[in-house]
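Both complexes shown next keep chain A, but they swap its partner, so chain B is in the first and chain C is in the second.
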Partner chain A sequence: MGNARFDLIVVGAGLSGLMTASVAADAGLSVCVVHSGLGLFVFGAGCVERVPLTDAEADDEPAALTAFREFTRSAGCPFLTGDDPEAGFYLPTILGSFQHLHLAPYSLHAGIAATGCRVAVVGIRGLTSFDARFVADRLGGQSFGLGAPGIYVAREIDLGLPFGTVPTPLLLANRFDRDAGFRDLLGAALRLAADKVDRLLIPGILGQISTHADIVSFEAGLGCRVGELPTFPPSIPGLRLYQALAANLRDRGVEFLGGFPVTELLLRGGVCEGVVVETPARPKRVSADAVVLASGQFSSSLLGFNRNGVDAEARPLRSAGGPVAVNLYAVGALLAALDGGCGGNARAVVSGYRTAMRVVAATGGKERRHAMR
Partner chain B sequence: MESAQVVIIGGGATGAGLLWDLSLRGISAVLLEKRDLANGATGRCHGLLHSGGRYVVKDTDAARECLAENLTIKQIAPHCVHDVGGLFVCYPQDDPAFFSRWEAACHTVGLPITRLSADETLALEPNLPNTILGSFTCPDAHIDVFQLARSNIEAAVAKGGVFHPYCEVTAIVHGGDQVRAVEYRDGPGGEIRRISCDIVVNAAGGWAQQVAALAGADVSVRCDKGTLLILNHNLVGRVVNRCRPPGDADILVPAGPVCILGTSSMTVPGPEGVAADPQEIAHLMALGQELVPLMTEARILRIFSGVRPLYIPPNVNAAGGRDVSRGFALLDHGATGGPKGFVSIVGGKLTTYRLMAQATADLVASKLGVRVPCRTMEEPLRAPVDDAVAIRARKVMPAQAASLAERRLGPALAEIVTVIEAHPEMGEMICECEQVSRAEMEFVMSERALAPVTTINDLGRRTRLGFGPCQGTFCGYKAMLAGYRSGRWSAEQASAEFKSYIEERWKGQALVPQGKQVEQLYFSHDLFGANYGFYDPEER
Partner chain C sequence: MRCDDVGLDNCLKCSDCNTVCPVMTAYSAYPGPKHLGPELERLRREGLSCDSDWLEYCLGCDRCSLACPNQVPVSAMIARAKTRHVKPAIRRWRDFLLARPAVLGAVFSVAPALSNAMLGFRPVRRVMAAIAKITDRRSFPPYAAPFRLRKAASSGHSDKPRVLFFPGCSISFNQPGLGQTVLAVLDQAGFDVSVAGAGCCGIPAMGNGDLAQALRCARANVKNLAFAAELGIPVITACTSCGHMLKSGFGEVLAEDADMAAAARHVAAASYDLGEFLLEHWAGEEAAHAPGPPQRLAYHAPCHQLSQGTGRPWFHLLRRLPGVDIVDLNAGCCGMAGTFGFKDEKYPVAMSIGSRLFDAIACRQPEAVVSECPTCRLQIEHGAAIQAIHPVEILRRVMT
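The block that comes next holds the complex of A and B.
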C-alpha cells in the first residue's frame, strides 16, 4: 500500500466504524478502515435497540436507520423491524430475558415475542453451554410479563456428535458452512422438533459465511420459521454480519488494514494528519483528511490524554478546551464513554451516520475521486 | 429437637478448627455460620502462613506462637499450604538499625533465618529492585484459606460434627444463669429452629461483640480494615516482606497463579459494608511499586477489603490498629459473672487458628468433664491421595488440571476420576482459568459433598471457580446451568442467583483503577448488561 493517503481513516471495525465507512464511501470518499480486532460483533448480532438518544441524534435517527438498513440489505444480511416500528419488538436471549429492539437481522427475527405463539426452544445434545429447558422456562414467564405471552417448550436434538468432545457453537457453525451432510442432518432433526409449534429457537449456529439465501432455503426445508439465539462470544450471527459488511465495503472500494493496533495519532497544529499503525516490520503511517475513532470503550489509551468529553461535533476535547483536532471525531462506544451517554448499537449506527455526514460536508462534498496510489 | 453438647457460632478458621478438635475428642458439636465458610476475616486475609518474622521485634509471644503453628500446619494440612518460603528484604530507604534488631530478635525467638547478600537475593527474586541491600530467609508460606476452613469442616463432619451454613443465630436462650440453647434461622428467610446445648462458643470474629450481646455478655472488638490487591502474575516466587516495623503494603504473597499485595490498616465501625477507596488503593500501589517496581505493569485482578477483629481487653486503652496485640484471648464469661457455659474466643491470627481452637476445646472439654487430650497438632486433616488414583486422574485430565484437582479434592479425587472415565464429557473444563472440571463442579454441588454449597460463590470458595482473570464471566454461567439442571434452583432462582453472583464479581473489579481488568469488566458488563438485558443499561 505504501504510505497511503485517504479522505477518511476509520479506526475500528465495529458497528460504528463500519457504518461510518459505509456512509462516507457512499458519498464518494476514499476510506481506509484500520483495526486490530472485530469489535463487539463477537457479542450479539448487531441488533439495534430501542433506546433514547439525544435530541440532535434523534433528529437524524430515521435517515441513519434507513442508511443502515440499505447497507445491511446490500451486504446480504437484511434487518427487519417489528410490525409497529415505533413500538419496537422483543427478542429472546440465551439468559432467558428479552431485549427491546428496533431492528434485528433476519435470522434472529423469527424469535420475536408474540402472543399465543408456540415456540420450541431446541437444544443440541452435547452443547452444554446452551440449556433449552432453562431458556424455555424463563422465556415463558418473561413473555407473560411483557404482555405477549407465548408458549415455550424445550426440545433436544441429537446430531451424533463425536463421543467425548465438547462441541461449541463455532464448531457447529463451521460444519454448517462446510458440510452439506451436516446441514441435512441438522435440517432433518429440526423438522422433527418443529412438530406442533409455530417457531423454533435454536442457538446461533447457522454458519459464519452463510448468505441470506442460504438461511432462507435452510429454513424452507424445515417447514417452520427458525430464530437464532446468539450464544456467548464468539456469537455466530455477529461474526456472520461482520463478514458480510466487511466484504460489502471492500467491494465498494473501502480499504481494510486489519490485525494491527493504531498506536499514535499524528497531530500537528490542531489538525490530525493521520495515524500510525503498529505493523510488524516497522510502524506504518496512514494519512487522511479526517480521522474517525470508532475504537470502542475497551481501547484505553489511544487518545493518549485524559478524556475531557466531546464538543457538539463529536470531536474529543483537550483538557484546556477546544477539540484535540478539528478533523478528529469519535463515534460509537468511545463516544459514549466520552460524553457519558448510553452505548449500544443504536448509538453506534446513528453516531456513525452523523459523523460520516459531517466529514463529508467538511471535506467540501468532494467529487467522486478514485484513489491514485 | 436438635441437640449437641456444644454450639459454635462462626464458620471462620477458628470455628472450623474448633469443630474438628471437638469432633476428634468425641464431643458433639454443631457449627452455625450465617453465610458460607470463611465469610469474615478468614476469607479476606492475606493468605500468609506467618513464620513469626513480622512480630519478632514488637510482639514476641505472637511470634513464637506463629512459628510453632507454622510448622504444625505444614504437617497437618500440607494440601492447603504452598510452602514457598519467605524473605525479609532490606531496602535502602529503610532503617538499617532495624535490620540488626530484627535479626537479633529472630535468634531470641528461635526463628530459623539465613542472611543473603544482595546478589544472592536478586538471584532468587529477580523482580526485586536492584538497589536492595540483602535479605533474610524465613519459613513464611502461602495458605489457601478456603481449603483450610473447608478441610477442617469436612474432617469434622466425617467424625460426626455438624456444619450448618446460611444459618444465622437469632437468640441465645438461658435457663437461669446458664446457657441452654441457641435459636437460628434455617436458611435465608427460613424457619427458626432451636438446638439445645451445654456450651456455646462465640467464634464470630468481627461479629463477636454482637453475638456476645445475644448472650448478655460483653466483648469489645475493634474492627480494623485491611485492603488487598490481587495481581495476575507471580511477581515473586517467595513471600516478600519488607524488613522494617510493620506498615502498609509491605508484604507480597505468591498465591498459586496470582500474588497478593497488602495491606492497610484503619479502624472501621463494624465488620460489614467495608470497601476500599481510591486513595487507599493509590497509596497501596505506590508502596507496592517500592517493593517490586514491575508492579506498575502488572494486571490487577481484584481489590478487596477484610476486617481484622482486634480484641480490646477491658482495662487496656489501645492505640489501635497495628499497636494492638495480635495475640488471642479466651473469655470464660461464666467465670467472670457472665452467663455460664458461654465462651468467647477472640483476636488472634489465621496462622494461630489451631492453637486458638485447642485452647477453646481444652476449656470446653474440662467443663464437660471430657478427659480426651487435643490431637489436632498430629492428626492430618486429610488422608493422602492414592498414587493409583493420581495416575488415573492424569489419564483423563491434563496434568496441571489433575494436580490442582488432587490438591482440592484429596481422596475424593477418586470419585470424580471414576465419573470422567465413565463419561468423558464430564471432563469438560467449566472454569478454564482454574481448571475445574464438570465432574468436580457437580460433585462439590452434590449432596455427597461434606461442606454443602448454596450459592455460586460458595462453589468458587471450594474450587476457585471464577477466581481467575475472567472473574466468573464464563464459568459462572455454566455453574448456574449446572445448578438449574440438578434441580437445585428453578429457572427464576438460577437467573437471580447468577445475577447476584456476577454483580458480586463485578464489585471487586470496579475498584481496579487501570489496566486489562478494566476492559475485562466492561466486557462483562456489556455481555450481561446490555446484551442480555440482564439489567437496565440506564442503571450503570
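The block that comes next holds the complex of A and C.
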C-alpha cells in the first residue's frame, strides 16, 4: 500500500482548485485535494465576472461555464445568468456599487439591477458591518448610471439581538442553520419589511450549511424575492458555496486532506511525482501522476519559483526555460500571478476546466492507471 | 512545524477559525477562537491576564488551527490560556477529577459491577449533579476488569515486524474487549504486537486546564515510549485523542523543556493511528476476499482524527470490505469533547453541537455508526440512540 497515490493532486481548495478536481473526477480520475484553509471563498460568493480572457481561454469558456453550472447545480448551489446570457447583469455589493457579472448563485440573484424595481435594503439592528442606509443611498444613484434606474429604500428590522454581544453575520448564519425559531422570527420581520417593494436585499446570513431547498422555502414564506449581499469576510454565501462544493466532491470520491500546508514538490527528472504535506509527527508524501497548483496568488514565491511565467499548457517555467515539470500546472490566481493576466473567478473556472482536461488527456484516465498496477 | 513565536503575527484576523468552531455554530454567546486565541493573546503577552470563563467552553477540537490559512496555532494559544484560568471551587475540584481518568479507572475497575451499579443509581447521580456539577442527564460508560495483557500471544522470537499498542484509558478501563480485538487484528495482519505499560495520554488534563497533570502524563509517556521510537517500532493507538496527544500534544505541553520536546518529537514520529497504520503497512488481501454479511454503516470522523492529517483511513479500509455499504456522515463535531459533555453546565451546549450529527444519522438510518473516538461513540449512542462501534470491530468480523 505505502503512502497515498492518486491520478491527480490539486493543491488548494479555492474555486479554481475545486473546479479542477470536479472536471478531473468527472473523467474518472482519482483526485486528492490538499489544502490549508478555506481560500477566498470567505470573500464574495463565487460570482463569475465578465472579463477578458486569452483567445485560447475564450474558446473554452462556454464549455467551462457549462461544466461549472453543472457542478454547482448538482452540489445544491445553482448559478444563474441574467435574462440575456451574453449581456451579463449587475448585482449590488454592500459598498453600494454594482458588479458586472455573468453568473451568480441563486441566493444573490434576486438583487439583479432592473429598471423600475422597488428594493428595500434591510439592515438588522445591532448587526456589525452593514449600513442599510449607506447601501440604499448609493445603489439608488449607481443604478441610474447603469441605465437601470431603481428605487432603493433602507429599512431596519429588530431581531432582539442581545445587548452587549457583537452580532456578526456569522453568528446570525449559525442561528439560521440551527434554530427554527430564529428562522421564523427573521421571516416574520422580513415579511413586514417587504411592504410595497418587489425585492429585499439583506446581508448574507441565510446559513452556512443551508441547502438550496432551505433557502427557496424560506423565501417562499416571505412572499417576496430576497437577494443576499455578501458581507466582509467571512462571507456566508461564499462559505455556503464551499461547503456545498466540497461535500459534493467528497460524495464523488474526491479525497480531501485539509489543514496542513504543502512544503515541498517532489521533482525528479523533469517530472513532479507528488507533494509533501506538513502533517503532525511525520510529513506525508502524496504521490500522483499530475499535480495542479491552485494555491493562490501569494504562493508563487513560497514554492520557490522565480516569476518566469508559464508555457502554453499553463505549466510554470524554469528560469533556464522549459517547464519545471511536464505534469505540473498552475490555475486560478496563481496562474494570474505567474502570467500577469487577470485573476478573478472567471479565470479560476476556465483555467481549472482547461487544465483538468489537459491532465485527463495526458494521464489517459482510469484504464491506464489500472493497467500500470 | 507551526512556529509558536511568530504564530501570533501570522494572524490576519480573517475569522476563518470562527467559521469552523463547533461551539460558535451552536452557542451564540461564545466569543470564538479568534477572540480567545490571537486577539487576547496580544494582551496576554503584555502581561494582562484576560482570564475568562469562556475558556472552559473551548472543546480543544483543533478545527480552528486547521482552518487557519496562515498556520496560527489558535488551539494551542487557547489551551495555554486555559491552564492559567481560575475557576470557582466546585468546578475546580470537579475538573480535577475529570482530568484523571486513569485514577478514576483504577478505582472503579477494582469492583466494576459495584462501581457501575453505583454510577447508574439515580440518587447517587442526583447528588453528583448537585454537589459536583456532573450531569445526571447521561450515563457513564461501564467499567470493566482492566485490560492487562502485557505480551501478546506471540513469543519473543517472532520475526514478524514489531509494533507497540498504546491502549489509552477508555480501552484499559471501559472497553478491554476492544483492546483484545485490536491485538487480534494486528496479530492476524502479520505483526508482533506488545502492549505499552502506559498511563493516561493526558488529554483530559489538557482539556480541563490542568497543566501539572498534563506535564506528568506527557513526561511519563515520552520516557516510556522513547525506546520504541529509538528502535523504530511503531506506536499504535486506537483512540484518536490519544493519537492526537502522541503526535502533537506532548510536544506542545513539553515545549519549554528542549530535551523533552525533542524526545516528544521522536515519539511522535513513531506514532500511528491504527487505521492509518493498517492502510499504509498492511496489504489487506485477506479482508478483500472474505465473505461478509451485508452491513449498512455510517462513518463519523472524530475531530482529533482530522487534526492528525491522515485523511480517512478507516473509511477507506471499511469501504473495500465486501457487503459493507458505508457513508461518511461529514456532519461536524459530535459535541462531547471528552469530559466536556459530562459537565452539567456544558451539557446543553454539547448536545446542541451534536444535533447536526444526530440529524444526519437519523437521515441515513444505518445499522451502526463507526468512529475511532470513544467519547464520540458515547455521544452518538446517547444523542442518536444507535449503536456506535470502533471500526476495527467490523474488520475483525471478516478477518476470522
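By our rule, the second predicted complex is superposed on the first by the 360 of 373 C-alpha atoms of A that agree within 3 Å, B and C clash if a C-alpha of one lies under 4 Å from a C-alpha of the other, contacts with A are read in each partner's own complex, and residues count from 1 in each chain.
One rule holds for everything that comes next: a contact is a pair of C-beta atoms (placed from the backbone, for glycine too) under 8 Å apart; a residue touches a chain by one contact, two chains touch by 3 or more.
What you see is a predicted model, and the numbers here were worked out from it, not measured in a lab.
Peer 1: Please determine, from the superposition on chain A, whether chain B and chain C clash or fit.
Peer 2: Once chain A is superposed (C-alpha atoms), there is room for both chain B and chain C without a clash.
Peer 1: So in the superposed three-chain picture, is A:A188 touching just chain B, just chain C, both, or none of them (first/second/both/neither)?
Peer 2: neither
Peer 1: Have a look at where A:T279 lands relative to chain B and chain C in the superposition and call it first, second, both or neither.
Peer 2: second
Peer 1: After the superposition on A, what does A:G126 contact: first (chain B), second (chain C), both or neither?
Peer 2: After superposing on A, A:G126 lies in contact with chain B but is clear of chain C.
Peer 1: Looking at A:P233 after the superposition, I want to know if it touches chain B, chain C, both of them or none. Which is it: first, second, both, neither?
Peer 2: both
Peer 1: Report, please, how wide the angle is at the C-alpha centre of chain A between chain B and chain C, in steps of 10 degrees.
Peer 2: In the superposed arrangement it comes to 90 degrees.
Peer 1: Please work out whether A:G343 is in contact with chain B alone, chain C alone, both, or neither, and reply first, second, both or neither.
Peer 2: first
Peer 1: Now for A:L171: first (chain B), second (chain C), both, or neither, which partner does it touch?
Peer 2: second
Peer 1: In whole Å, what is the nearest CA distance you get between chain B and chain C after the fit?
Peer 2: Least C-alpha distance after superposition: 6 Å.
Peer 1: Hey, what residues of chain A end up touching chain B and chain C alike?
Peer 2: Common interface on chain A, chain B vs chain C: 165, 233.
Peer 1: Any idea which chain B residues touch chain A in the complex?
Peer 2: 424-425, 428, 438, 474, 477-478, 481, 484-485, 490-492, 494-495, 498, 514, 518-519, 522-523, 526-528, 530-534, 537-538
Peer 1: Which stretch or stretches of chain C touch chain A in the complex?
Peer 2: Result: residues 1, 14-16, 18-19, 24-26, 28-29, 65-71, 246-248, 268-269, 271, 279-284, 306-312, 328, 330, 352, 355-356 of chain C touch chain A.
Peer 1: Note which residues of chain A are touching chain C in the complex, please.
Peer 2: 1-4, 36-39, 42, 162, 165, 167, 170-171, 174-175, 177-178, 208-209, 233-234, 239, 247, 250, 255, 257-261, 277-282, 284
Peer 1: Flag every residue of chain A that touches chain B in the complex, lowest number first.
Peer 2: Touch list, chain A to chain B: 40, 43-44, 49, 51, 93-100, 126, 128-129, 131, 133-134, 137-138, 141, 163-166, 232-233, 297-298, 300, 342-344.
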